[in-house]
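Mind having a look at this structure? Questions to follow.
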Amino acid sequence: MRLAIRNARVVDPASGRDGMGEVFVEQGRISERFSKADRVIDAGGLVLAPGFIDLAARLREPGFEHKATLESELEAAAAGGVTSLACPPDTDPPLDEPGLVDMLRRRAQALARSRVYPVGALTVKLQGAALTEMAELAEAGCAAFSQANAAMADTQVLWRALQYAATFGFPVWLRAEDAWLAKGGVAHDGEIATRLGLPGIPAFAETIALAAILELVRATRARVHLCRLSSARAVELVRAAKDEGLPVSCDVAVHHLHLCERDLGYFDSNCRLDPPLRSERDRDALARALAEGVIDCACSDHTPVDEDGKHRPFAEAEPGATGLELLLPLTLRWGAAQALSLAATLARITCEPARVLGVEGGRLAPGAPADLALFDPDAPLLIAPETLRSQGKNTPFLGHELRGRVRCTLVAGQVIYGA
Amino acid sequence: MKLPEAERLCEQLAAELRARVARETAMIGLYTGGAWLAERLHAMLRLELPLGLMDIAFYRDDYHAQGLHHDPKRTRIPFDVGGRDLLLVDDVLYTGRTVRAAMNELFDYGRPASIALVVLADRGGRQLPICAQHCGARVEVPAGMRLRLKRAEGGALALALEPERAA
Amino acid sequence: MPRSNPQLSANGELQHLLSIEGLPRPVLEQILDTAESFVGVTEREVKKVPILRGKSVFNLFFEPSTRTRTTFEIAAKRLSADVINLNVAVSSQSKGESLLDTVANLSAMQADIFVVRHDASGAPFLIARHVKRHEHVINAGDGRHAHPTQGLLDLYTIRHYKKDFARLTVAIVGDVLHSRVARSLIQGLTTLGVPEVRVIGPQTLLPGAVEALGVRVFHEMRAGLKGCDVVVMLRLQHERMRGALLPSAQEYFKHYGLTQDKLAAAKPDAIVMHPGPMNRGVEIDSSVADGPHSVILPQVTFGIAVRMAVMSIVAGN
């Protein structure tokens, strides 16, 4: 099937291309120009970019189907222009067995929507004690291994896990948080938590764990991707580690680029996030670091939570925010605030996460998979329960109007949303 | 329209009351205008028992509509109400609701032997079966206006008309 | 992200009392002035006024407490309201009913005022966002966050004995980290213009960002008490401590317990306050608790008048 997309502002962050033009698709891949197309899509001058790659989106299957299902969340992904997503292993049961991973991949493939890359559990049941069969899990399709948000107190086990992963060259994705220092905390240990009387998680809970992880990377040369940085100090540690040449990469959740502890307001449990929203200074440092490339990419950290889970006092509420449909508008807003070009802005959700995930997508070069997002960067998008396709309506941006609306999404040359 | 002089009415009331007060007679003034008037009368009549002052905020019948709409003053009754002949003093008698509230409050302090109502001005318009035993003057008040007692810096009392405050 | 203070209606009237933070000075002063009138009521033969006759006050205590619940009950009854006590800790919560479902069920029973105590900071805010227009929420203590009626009665007590806030030095001693009483009082004192508010305690019991509340920090008690007009002792809350915050009550008493000797550092006419219940010999010596500086018992009387004031103000708005 030959598809031509005409009259588009083609933006390819990997090559820096940004200009009016056309894109040609054949057999599910980007192809060279051809003259006769079976189907033509007129982009109407809108932006055509590689489909977005989200390094963390919880689809809630298996185990949490009352919060969301593959159907609803993949629909949300398509509406958000996300063509590839990695899902964390904290399902129920956790993704620590090849059979579960296989089943998830098959289910996702059968729905023929965005590409789903399961991230396997680093330890059995995510309990931080016994290693999983990483080689088996990789064969079943795991792109990397992680503990999701589960604490890993035993540093001896962490060391062994990194050594084992390094043996096979598997990447390990870790959230830096010291289990003991974070225990019982629900908000950043700063002015707001003090006023609101909420147990706090100090920033050094992140940096102490991060320093430990970096030492272990030095010792094992494991490839580690640090998930959801939350503090300015952590940014500095990563900068130094990269300067030293350590094989590390990192991401930030898109909400943390815009919000800080002050946004908790009067105990808004939609702002109960993991890691917590820290100070203004931390938020600004994260935003700058993403622009500089010290932080490699942004992700949605999509976590649908049902009403019961959020309509509770702050400390009892389930952490997390829905994000697949906000990834584009929030990234665009960040890029504008940092005065970046559109290409540089979109790199953070296309070619950079593709590199971390180790997949082909995220670029518009001939031969690359035809995973595309056609969007209007100026169109308003009201964030409301009725407009969100995700089952999770939990976001601090509820009621806000953001800018950046996807009109059409393609995976392997097939339209999965819009036009 | 010309209002009667409050000072002159005071003297008139004092003269009237002299005949009925005894050593045991007690006086209670209602905040705010009634309290000013009572202070004046109490001094003129040289009453032995100290003056009582009352705020009816917690006994009003319009709480459900208006809420607690002004800062209540503290009611102080420095004598035993039980068995006492009382003079209840207010500046303007209108619907009678203020006096009703005052009597309810008074009975929570004890059971008086008698209560006589003393007012500077009666503007008519009663909504309850209440009347003043001693009244300085009847005053016609035009619609949309209210009659108030004012006290100047030097202490001089005067009646005044004001537009009715929006509810 | 809600921005407007949920306690105040559009025209600035007090709908709910959730925390002292965010209440303008005139509102605080109105409550204190109204409480003053109620003190008179509590001193006379008939200790009741009819103002809340026919209204229902539901005491929703998710955290057990006999003292506070009793004072709210007395206050409500003195306003002629009907009082219903719900020890929710025991009943529906344990059956897994959500907080909002519990409130909705009670709402269906025509409540006017909910007095809520909960161990999670912010719970009364959640409730206030979901009650009907004519229903009012009074926070009787939420987690570590606020205990506004206690803060108000402490302010009332200080005003009663010291008159002018603008000249005072007030010290709060003890477990500020876990204390909603301390947070509410600090906010009230700063709103009413107290020039110096101090907190005294070991580093483990003071929140990391405590200076952001507008206080001066002291770790040495005599230095902290020097020249104080008011000393507020906080209960050492054993039940709230998690983890290694203090080695023992004895060592705590030696350095932070209020004795005659340490009190001598304060002004000769300083008053000593305590929200109760006291741990004698842990945070305060009996001779001080029962001595001439102590105003701990009057605090209790003022507490009833303050709660009467709060209920009569919100229920009328």
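Chains: A, B and C, in written order; residue numbering restarts at 1 for each.
To be clear about the criterion, contacts are C-beta pairs under 8 Å (C-beta built on N, C-alpha and C of every residue); 3 or more make two chains touch, one makes a residue touch a chain.
Quick caveat, the model's predicted, so the values are computed rather than measured.
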Taking each chain's centre as the mean of its CA atoms, which one is farthest from the centre of chain C?
A
Using CA atom means as chain centres, which chain is nearest the centre of all the protein shown?
C
From the C-alpha centre of chain B to that of chain C, how far is it in Å?
38
On a C-alpha centroid basis, what's the spacing between chain A and chain B, in Å?
74
Please work out the Cα centroid separation of chain A and chain C, and write it as a whole number of Å.
44
Quick check on the complex: what are the chain B residues that touch chain C?
55, 57-59, 63-64, 66-69, 71-77, 104-105, 108-110
Mind listing the chain A positions that touch chain C in their complex?
184, 189-191, 193-200, 202, 263, 265-271, 308, 311-316, 396
Which residues of chain C touch chain B once you look at their complex with the stated criterion?
13, 30, 33-34, 36-37, 39-41, 44-46, 48-51, 312-313, 315-317
What residues of chain C sit close enough to touch chain A in their complex?
1-3, 5-6, 21, 98-100, 118, 120-123, 125-126, 142-146, 180, 183, 207-210, 212-213, 242
